[in-house]
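Mind looking over this structure? Questions follow.
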């Protein structure tokens, strides 16, 4: 029992990195996803094609490869672009490029969720808004967006949990700076010392599970708030789905 | 001009590149075996979840929620290691004597005789099984949902014909379930395909490892062509490869759906 | 499905029979030229692969060279996935706690700093620089202990990945084995240079074995003694390291 507690203590600094990677990429990924979803739904063929292609490419290829590719690509621009701009130390830092790749990836998955929700927004409500003489901006702000976010929220919650799980492979693909190690690297290094696979990997799994539960709880609160106008608020359960 | 073409053709077909191309077999093997196992585990999981006996139901739902609650890569690394240690532990209880245990200096295995060599084939099989286990948990949910979507009337009709519970399950329920399960299973398959990029973490010389080795800068003529860092080009090839696999898989599943959907009313789909 | 299971069984049987023949499995990294690398045919090649062949011929054992990532090379030795490590691994007291080494087959060799030519690094008082190392090496331990306070230490999976970052200007310098860096500097056409003083860490390079493999260790040690005496080892060092040596013959 003592051993377990020390072990949990050992992992505490590591989980910060996983949380950081997820927290840093969620807001930007969200915003980018909204634009991509609107782009995919756009009547302009060029914008629609580009958004469609982007979403398809980043959902259709492994995150692991995306990490390697973006890092080596960024590296090849270093001498020509980042160095002269003086942002080299920053751009190639795993704490920047990690969230960057995660944003690129999660934006594609989230955009697909938002696009699905966008198509499901009741047509009648939009038509009513138009009949009221609302501008397109007003229609989006007051009718489409509130519907969209309510429809998409449960699936988006899943996506956020998946994003958190995806932070597990960041340091398998990027260089490690000093003692900046996440849960997986910590578990792997401890395992390589004493071969206790059950202890180390279980503790790492516990951390992932615990944070996932917290995410579900917090996003559940938001969902209840989003649905507060309904007589009976539908609850959200801890049930990661196969959506991704 | 011609010389250039010949040079690049030669470079791209040297033994190192041929080994890279050959290593796609590991990826394909892992995807196919992992995918098949995922369906098997999914069927088992869904049957457990549907069971009338509550401990079995509990096992089914625990399996599907625990495995989905942790990152796939964690389970992917953990399962082969744990399985190896489990086998060695069983072997140790058979072959180890107090003398051999005393002679063992490393932390694991308990004695030298109980050691199990793991090479690429063993790791590949274990990797496929862990893919099957992880995504079997996702397939469990898909299949469970699909089994509940089969119209009650069909099952009742089968029962009315005097079929036993087993006959109803195998002849009607599972056969009618596919049409509802296919869209979800297609998603699971895409996840498995993408997860095969992790094989190199288990010391399998797969496409990702070779892309790194081939693209890494080389300074020594004795080693091969001297070139700077070319890794992003190789990763771009893999990026495109996976997108193409996704594209082909989508087509294949669409065809499968059309086939499975023959004779079924459009509203039922 | 039946066919798949049969294939699986056949593959497992293959693994078992390889074990029965008492092949000595030698693990190398395959990304550390000229020590060990993958040649154009995709097969392991280099100084240590030639040396392994010579040792195995002398000791009259069949050997098989396999590759394994550097960061898990000792754990997988201990886990019994192979019997010997020959991967440019320096003999250190810390490693001696977990594994055994044969006598060295490469003399103690200074570690060096490499930097782009003309960068004017003050190695003795290095401050605020980005120092690349390969994770899990003696240089990584040294950098962590002596340089990490004032500099950023970045660790990579392979030495080649670190070189890629140095070449792209993402690192100021790399600390690595002199015998790895010297050919790189020589072949770079003046793009890189070695800077600063030698850093003496490690006691030469030897083959790593599990501690309970006394018999195999004796075989390898005897073979190495013979190869040192008859000049084969010096010949291989001269062949792969640009005429270095001789170290082990008078």
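Which chain is which? They are A, B and C, in the order written, and residues in each are numbered from 1.
The rule is simple: contacts are C-beta pairs under 8 Å (C-beta built on N, C-alpha and C of every residue); 3 or more make two chains touch, one makes a residue touch a chain.
Quick caveat, the model's predicted, so the values are computed rather than measured.
If the chains shown are joined wherever they touch, the resulting network links each chain directly to all the rest.
Between B-C and A-C, more contacting C-beta pairs join the chains of B-C.
Between the CA-based centres of chain A and chain B the separation comes to 23 Å, rounded to the whole angstrom.
Between the CA-based centres of chain B and chain C the separation comes to 33 Å, rounded to the whole angstrom. Per-chain CA centroids place chain A at a distance of 39 Å from chain C. Residue positions of chain C with contacts to 2 or more other chains are 72, 78-79, 161, 164, 168. Residue positions of chain B with contacts to 2 or more other chains are 107-108, 212, 229, 231.
The residues of chain A that reach two or more other chains are 72, 75-76, 191, 195, listed in rising order.
Taken together, the chain A residues at the contact with chain C in this complex read 72, 75-76, 78-79, 83, 88-89, 92, 175-178, 191-192, 195.
Against chain A, the residues of chain B that register as touching in their complex are 65-66, 68-75, 77-78, 81-82, 85, 107-108, 138-139, 141-142, 184, 187-188, 190-191, 194-198, 201, 208, 211-212, 215, 229, 231-232, 235-236, 238-239, 242-243, 245-247.
Note for the complex: chain C touches chain A at residues 71-72, 74-75, 78-79, 130, 132, 135, 144, 148, 152-157, 161, 164-165, 168-170. Residues 14-20, 33, 36, 40, 84, 103-109, 112, 115-119, 121-122, 124-125, 203, 205, 212-213, 216-224, 226, 228-229, 231 of chain B are the ones that touch chain C when the two sit in their complex. Only residues 1, 4, 8, 11-12, 14-15, 18-19, 25, 30-31, 33-34, 37-43, 66-69, 72, 76, 78-81, 98, 158, 160-161, 163-164, 167-168, 183-184, 187-188, 210-212, 240 of chain C touch chain B when the two sit together in their complex.
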